[in-house]
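Here it is: the structure, laid out below.
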Amino acid sequence: MSELVTRTAAELRDLLAAGEVSAREVAQAHLDRIRATDGRVKAFLKVLDEQALAHAGDVDRRRAAGEPLGPLAGVPLALKDILATKGIETTCASRILETYRPPYDATVVKRLRQADVVVLGKTNMDEFAMGSSTENSAFSKTYNPWDLARVPGGSSGGSSAAVAAFDAPLGIGTDTGGSIRQPAAFCGIVGVKPTYGLVSRFGLIAFASSLDQVGPFARSVTDAALLLDAIAGHDPADSTSIPEAKPDFLAGIDKGVQGLRVGVVREFMAEGMEPGVRARVDEAVARLEKLGATVVDVSLPHASYGVAAYYLIAPSEASSNLSRYDGVRYGLRVPGETAEEMMANTRAAGFGPEVKRRIMIGTYALSAGYYDAYYAQAQRVRTLIIRDFAEAYAQCDVLVGPTTPSTAFTVGEKVDDPLAMYLNDVYTIPSNLAGAPALSLPIGLDEHHLPVGLQVMAPVLGEPAMFRVARALEADLAFDPTPRGANALETPGGAAA
Amino acid sequence: MSTVTETTYEAVIGLEVHVELDTRTKMFCSCAIDFGGEPNTRTCPVCLGQPGSLPVVNREAVAAAIKLGLALGCRIAPTSEFHRKNYFYPDMPKDYQISQYDVPICLGGSLRVDTSEGEKVVGITRVHMEEDTGKSLHVGTSGRIHGADYSLVDYNRAGIPLLEIVSEPDVRSAEEAKAYLTELRAIVLALGISDAKLEEGSMRCDANISIRPAGQAEYGTRVEVKNMNSVRSLGRAIEYEIARQIDMVEAGERIVQETRHWNEDAGTTSTLRSKEEATDYRYFPDPDLVAVAPDSAWIEQIRAGLPELPAQARTRLRDELGLPADRAGTVVGNRLVGRLDEAVAAGASAPEAANWLVNEITGWAVERGMEPAEAPVTGVQLAELVALVGDGTLSTKLAREVLTDVLEGKGSPRGIVAERGLEQISDTGALEAIVDQVIAEQADAAQRVRDGNAKAIGALVGAVMKASQGKANPAMVNELLRARLLG
Amino acid sequence: MALSTDDVRHVARLARLALSDEEVEALRSQLSDILAYAEQVGEAAGGDVPPTSHAYPLANVFRADEPHESLSPEEAISTAPEAEDGRFRVPKIVGGEA
């Protein structure tokens, strides 16, 4: 039943509920697809065949017995290897955690289990989520199903590639500066960075605590909203978790854009964008207007400082968050004469170059005499960006613009130029700094048959309007998420188109 | 060796005191606090610093900080933050300590202490919250960190809430420092927020010490001294360090800013690390935690629940209960105020009840290595004992025996007196017979009394007491003997 | 902001990273570039702008002082690279934060 892998999560949920297919069959079909393709895509660090089939079997048994089931019972999912799974390797794609098996489950993992989602495996990523290409994994690169010579984006490139490759209808990623939206754009799928504090960070291995947020990947807007609904909500174990009730993401999702005001961010449309990206974004904005939205021109004057602020705040927090990998309590240990030597040797051997680079930047930025010029100043820029957004949202309900300046680049193209890699996040970073939600929606292909993503941004807890706009455009554009082109992965059940 | 009493130099001392709170759970996780448990039995992903784990603040620890702040007359900050203090150390699970930095919960305040030169006010700079570290066991021939072969870490203590109380550099002598620490400990104990045992490390005191020529306004180079495990060793360490610094200055040497370790056995301090080695802590606001902003209702609720503080108790005992100042200080210092109040409420005179508390009861407890306040005698029992002495039922000597029985759990004073038949013989007839018998037996002594040697009567009184097995009322015996021999 | 190799070595020591000479040199130039770029935050905001550490302002998030079950000691040390007598074993600690 290889056709099963082309289904959306909502379709699978309904087929399962109607008894037309079993959860085991659904899991097996996806595991077969992984086996057939993952040697080339390398989306997964670990495939959990046994656990997935056992869980699916349990869902089938409980369904047969008439026991209560979670809202996504039997729907498979690819989980980024940054979320703690009890007794199962959780590596963050780092040598330093290669053998680490957490003694506890992340809150998101618990919620996925409560939803009866079947976790197929743990996906590749840039080490500790630091990167935009998944080339910084200590274990393997991941390849873009649309062009196997290109990167899937990052840092959540494993999950985005898995969803794009039809290995799973749903994926979980994390987004600190664009790590869900950018790979979603590169892989032609939907990716959502929710409002900061909407999804628990407990058990999410920290990169930059004030920016990190877990979010969904899917091949449809509705699927993404369904998955977000399953994982969102207050968690007393995370002090930064929003205590108010989560919004209803699905209630108005099909209402269309009539009457909504859509702001186009002037600074994002100005320069630096590839022509293919620009053309698709312009078309999408025109479609929105046709569909009844009021399009307004807005400005985020301080957004251009976002990358600079981000590359001070995120490495500063990371330098402290990653201190604990010292060879004492868990993970890699490289011997040394003294405890200090052991720690320094362990960290030298256990971290890759990008992680070391960011630890060094952050340590420097926080060190005596530099805190005010760097960290504190970056936090001031953050205030200005939040004010910019507030002014923009006085004129509109959501903002749109490109997710990334370019489509997927080739493997190796930017690895030697860290700053160029960082500038890839120029459009995604402002939402992280503002703690606001944003989504990337595939809106078409460029001249190389590579997907282009439109970013839809909303104010804090404005996910319903964000989903509504994305859903309306999705329905209108009818983008086909099947990878195609000269060097694409073959479609399920057939050769590459 | 020079001493601090020389007039040429003045010591400037600031004290940093850490108090381990006795909340039920740790500062940022729900692990129970359990001193002396088997290693790593009180840990969880949070206090082990497992990847992905997050801290959540214990409300009671914040309440304890506010309590202490109010007791010290501090301003409670409308908003305070937690910062991360970054440094690598094996017993620190996250390799940073969650602490408070530029916006602590309590600011400004003072502590009045009594010294031989009168009352002294020591300014309190701040009180802030932080978490404790784990404990390292150093394995090797020395058993100490220096020269160890390797170390073993237990994280049971990691994450226990601490309050750090930082004083202004207002302390000028070892005596003042000792008085400060003693008073601060009394306040912490009165508030019931910690058992504050210096010997066991639930209260720790570091001293920043410098010297300067008397009259000079600028401070000298300051040296931090750690590892004092009692009030007495704090005094010794300060005296030693002041003398060491004076000797250095007089020998023309420069004092270096450093951290020194007090060695109790040797009675000396030695370099732990120099300023150059001092870590750059890279403080920044902990993004995993949010602001602490206690509203005035909560603060006022805590204020209303504050117990009588030691200084208030001393004043009341002196002015209202008529105790001499030093006696009031001892009762308060030994946390016997409740016992005293109970005895007074049960009818005892305060000075007499205080006498028993400070002399007999405290002595009994100290001999057994107990805190005086732990002595198992109630205020009501104490009042009964005072009454039995007052109405002549018991001599002071017998009353001591009865008290010992009470402390050994043998019952109430009246019950013990009845059971042991200890009532004093105050029956004149019975006493006259014994007196007459003694006068007959000790004719020589009796004659000396008759001859005008008044002191000789003592021997006769003693003989009567002995013959009565201690039960005779000594005042009546004296009176009867005088009547017989001199009347 | 041009960093010297000594700056890089100092920061590496603070960060407990044993770096090779090649890494020090590479990081010296990369960090200089990145920090030079990041320094534009200085011109963006004046001192009158308050810093934001949390985009969603929350305060007074507390836990009740009620104990929950801890890990078993076996679980606690299950991840230890080296353990002895129920404790985490580490090489000798020289000097230190006593």
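Each chain gets a letter, A, B and C, in the order it is written, and its residues are counted from 1.
What we mean here is this: a residue touches a chain if its C-beta (ideal position, glycine included) is under 8 Å from a C-beta of that chain, and two chains touch if they have at least 3 such contacts.
Just so it is clear, the model here is predicted, and its values are computed rather than measured.
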Chain whose mean Cα position lies farthest from chain C: B
Central chain (by mean CA position): C
Length of the line joining the C-alpha centres of chain A and chain B, rounded to whole Å: 57
Centroid spacing, where centroids are CA-atom means, of chain A and chain C in whole angstrom: 24
Chain centre separation in whole Å, for chain C relative to chain B (CA means): 39
Numbers and ranges of chain A residues touching at least 2 other chains: 100, 102-103, 210, 236, 239-240, 319, 323, 326, 328-330, 339-340, 343, 363, 367
Per-residue overlap in chain C, given as positions that touch at least 2 other chains: 14, 16, 53-54, 58, 61, 63, 71, 76, 79, 88, 90-94
In chain B, residues with contacts to at least two other chains: 45, 48, 50, 56-57, 88, 90, 151, 153, 280, 282, 287, 289-290
Contact set on chain A toward chain C in their complex: 100-103, 195-197, 210, 236, 239-240, 242-243, 302, 305, 307-309, 311-312, 319, 323, 326-333, 335-345, 347-348, 351, 353, 356-357, 359-361, 363-365, 367, 373-374, 376-384, 386, 418-419, 422, 433-436, 460
Sites on chain B touched by chain A in the complex: 45, 48-57, 84, 86, 88, 90, 93-96, 151, 153, 280, 282-284, 287-290
Chain A partner contacts - residues on chain C that touch it in the complex: 3, 7-8, 11-19, 23, 27, 30-31, 33-35, 37-42, 44-47, 49-56, 58, 61, 63, 71, 75-76, 78-82, 88, 90-94
Interface residues, chain C side, partner chain B - complex: 14, 16, 53-54, 57-68, 70-73, 76-77, 79, 84-98
Contact footprint of chain C on chain B as seen in their complex: 23-25, 30-32, 38-45, 48, 50, 56-62, 79, 87-90, 133, 136-138, 140, 145-146, 148-155, 226-227, 261, 272-273, 277, 279-280, 282, 285, 287, 289-294
